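What follows is subunit A paired twice: with subunit B in the first complex and subunit C in the second.
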Partner chain A sequence: MTSDQIRQVILDILGRIAPDEDLTDLDDARPFREQMELDSMDFLDIVMELRKMYRIQIPEEDYSNLNTMGGTVEYLLPRLKDVPVGA
Partner chain B sequence: MAVRYDTVIIGAGMSGLSAGVRLAYYEKNVCILERHTTIGGLNSFYRLRKRNYDVGLHAVTNYAEPGTKQGPLSKLLRQLRMKWEDFDLRPQLQSSIVFPGATLHFTNQFNYFVEQIASAFPQQIDGFRRLVTRIAEHDALDLERQSVSARQVVSEYIRDPLLVDMLFCPLMFYGSATPRDMDFSQFVIMFKSIFHEGFGRPFDGIRLILKRLVKHFKSLGGHLKLRAGVQEIRQSNGRATSVLLDDGTEIEADNILSSAGVAETMRMIDPNSPPVKAEPGDISFVESISVLDCEPAQLGHHDTIVFYSDSKDFHYERPDVPVDLRSGIICSPNNFDYSQPLEDGRIRITALADPHYWMNLPEDQYVAAKQHWNDEIIRCATQHIPDFRSHVIDTDVFTPRTIRRFTGHLNGCVYGAPQKFVNGQTQLDNLFLCGTDQGFLGIVGAMLSGITIANRYLLK
Partner chain C sequence: MLGIWEPVESQSIAFGRLRWGVPLSDLDRIVITGVGLTAPNGNSLPEYRQNLLVARSGVVNYETRYMGPVLAGVCNFDELRYQKKKDLRRGTRAGSIAVYCANEAVKDSGIDWPNVARENVGVYIGITEHGNVETENEIYEISKFEYDTKVWSHHHNPRTVANNSAGEVTLNMGITGPHLTLGAACAAGNAGFIQAVQMLRLKEVDLAIAGGVSESIHTFGIFASFAAQGALATHEDPTKACRPFDRNRNGIVVAEGGGICTLERLPDALKRGAKIYAEVIGYAMNSDAKDFVLPDSNRQAECIYLAMKRAGISPEDVDIVSSHATATEQGDIEEAAALRRVFGNSPKTFINNTKSFIGHAMGAAGALELLGNVPSFDDGIVHATINLDDLDPRCALPNLVINQPREIGPVNCILNNSFGMLGINSVVIIRKFQG
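Up next, the complex of A and B:
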């Protein structure tokens, strides 16, 4: 997957976790939590959705990489670059 | 060889079903076992003489407008991946707390309640506002919290005992497993869910939510077995290994999540000497349900729910008479903001009852006792609402005995054991508790209980 494709995967996950949020103007550099109502329960769901979709295990010490869209894409790119979209 | 699951859930009530949805969504192999012939547990439904009835539900608390991003209901829907339409909650019209010499009305707009208190208790309003701040700052969902007396905290802010009892009345009626007082965190959860957020109800009653939960659970691959009571939880070396059903079937599981109640679950581990001595609760109710030939509004009754006490001191405890007629809850499921009227008029009146009396009553006296106390409950309640007795076309009554049949709770207790097990753990490494005895109450609370425990221990 490319960076753009990973970004879209994360947007789809956020859309499922928080269907009442408008994500069109999401700023990739700012923390998700500043831009939407996302508590720790929801945050864990991002991790679990990724595990469900791509069998990728994200250790707890890496969670801080997932605070922003930019950070998430950067973190996932090497881990998902050989994985096809919709795997 | 026995069937094996990642997780077996005991009880298909709100908490068990919600936990099941979370586990099935994340591809866990999960089975929910329910002893009764239908789903729902305490919040169930039935059909009698061609009419639909709800068992527990008067109203769903924690109301929020569809699309709200914050609060328990929104959190719940997100976690379940369900839509606002799935619950179809319509807001209440107005409810009241009626005590001798004072009445407070409330709606789903909290400011209205504050104004009501300011006008009825002008001396207390500053204290009340400070209490509201204290409530807002309290983290009631901290699973490692210590228990503190709510009456003690509230009395630091409000000096008029009448107002204190009027505040406690709806909160205790709708969620206290302990008599007279509650834990402050429970008070905070109930205060927010009832006064801040308020009441709603699906047009079709609780069956709508339950059926959608089950459909969702099954579509995610979850298994549900009715008429599958758990006789025994088998263990070895500090771990639960399997459950034995009433019919002798054995089902193995890596984890077991029980919503059956603490005392009830401990008896499944060892019926003769339960490993943890947990006292079952004994707060239970009798409910009188009248079907009317008209809408209650046509008789001049517009309130959704009336909480009343004929005594200035509110007595929330197991009465030493079959039914405590001094106080009660009058609910009209018609008085929500629907787009069309319900099929028929309903008045439900609920009052505290002595479970021991109702459990021990010989079968041949049971029907007559239900009739007698139904008439007494209605006689007392009609001092607070228009007399509807000439409009009654059908009646049903449920008692602690009925509640035991639906829930398996030992005394037919409604809000579970007085002592809560908030972190959901037991002495067995892989046996967890959710539901009323875990401690999040109300319908939304029960669902969040299942979700919270599933997230914390069963999705790792």
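Up next, the complex of A and C:
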């Protein structure tokens, strides 16, 4: 997957776990929690969705890499680069 | 000395104002001041009542996991009236039903909610079971991942703790007083009201939000278990499937729903000029101590007598008995025996059954069945027991209101039965508020 494709995957996940939010103008550089209602349980939903979709195990010490869209894409790119879209 | 299972003499002068022969102070008089509900055939008291009077059923064909087509009472309330989509995703169906009904009740009560001291509000909601829906869902989910428990949801615990539905109400409404979900099998709706009355009388809270809810149609297990017991109703016409007291009944129709009220001490309600639906004048709960599933008419009759004794009334003071009968053979026969014993010589007492319209709403059953009868105080009409085309002679009862509603004149007192597995019995008695 490319960076853009990973970004879309994360947007789709956020759309499911925060269905009341408008994600149109999400700023990739700012923390998710500054831009939307997202608590620790929601954050674990992101981790869980990635686990279910791509069998990725994200260790707790790496969670800080997922605070922003930009950081999340950067963290996931090497781990998903060989994974086809929709896998 | 009278046993508690024996009738007491009518005490009409103090009707509904005695407890163990001692006059109640007004602070011990508890009134219902707001109603919120969702039933398979109505999402407000007026709509629900109207459909009970015109015999509109809420039972439909329904698909459940693994079992395929079954029959169920399904609710269609506006889930987003008081919750966001995220709340619905985070919480449970029972929680959502409770949130809807609690908000509707508070709105209906007319209380100045923004200025209510939330620490003095208690939430008491009865349930038959809880957690089965979420556990089944999670097991189904991990089955798609070769039962890898690493994909088991972190939401499972907050969704399945037994206080879930009442807790969701406090989260949604900012209530900081006590909350309890009362597990009382199918006696739970009454149990919620009873807990509210007790806590108000103890001055533990100033406002109670109480009743019962059910999400049971979302667990295949309840259908499968009743089917295994030979107690799950089938019928080619879903609206005719629930047939209490009928010779051709063949079991229970599972339903979801909720019935929640605001309850207050009488002086508080009068002070704010509240609309008073009814006064709770008596209640009782007891246990059969006999069998896991089979009911016992003796203990049921004792429970009814105890509630009447606490209310200071006699059988002939009761205008309407809302029966619990679920359309299982043994259940119907046992309750009929209890009712004959208590009301057999009470020619002005009429008996009906609400499950015949909506199915068995489990934890909500007692609450919905009581509330469906409350408008009788105003219109003097008893809604019927429908689908009763061939009365089982073992269930013959005086003044059973069959298939058509009946005008009986002034209604002052309603008694509501609600019984459940493990031999739990509950009775609530309300009367028209007369000052």
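Going forward, the second predicted complex is superposed on the first by the 87 of 87 C-alpha atoms of A that agree within 3 Å, B and C clash if a C-alpha of one lies under 4 Å from a C-alpha of the other, contacts with A are read in each partner's own complex, and residues count from 1 in each chain.
In this section, a residue touches a chain if its C-beta (ideal position, glycine included) is under 8 Å from a C-beta of that chain, and two chains touch if they have at least 3 such contacts.
Just so we're clear, the structure is a prediction, and the values are computed from it rather than from any experiment.
*Asks:* I'd like to know which partner A:L44 touches here: subunit B for first, subunit C for second, both or neither.
*Replies:* Both: A:L44 reaches subunit B and subunit C.
*Asks:* Once the shared chain is lined up, is A:D20 touching subunit B (first), subunit C (second), both, or neither of them?
*Replies:* A:D20 sits against subunit B and subunit C alike.
*Asks:* Would you check which partner chain A:Q57 touches, where first means subunit B only, second means subunit C only, and both and neither mean what they say?
*Replies:* second
*Asks:* Which subunit A residues contact subunit B in one complex and subunit C in the other?
*Replies:* 16-20, 37, 41, 44-45, 48, 51-52
*Asks:* Please output the residues of subunit A touching subunit B within their complex, sorted ascending.
*Replies:* 16-21, 36-37, 39, 41-42, 44-45, 48, 51-52
*Asks:* Looking at the complex, which residues from subunit C come into contact with subunit A?
*Replies:* So the residues of subunit C in touch with subunit A come to 84-86, 89-90, 145, 150-151, 153-155.
*Asks:* So in the complex, which bits of subunit A are touching subunit C?
*Replies:* Result: residues 16-20, 37, 41, 44-45, 48, 51-52, 57 of subunit A touch subunit C.
*Asks:* Where on subunit B is subunit A touching in the complex?
*Replies:* So the residues of subunit B in touch with subunit A come to 26-27, 67-70, 74-75, 78-79, 81, 83, 451, 455, 459.
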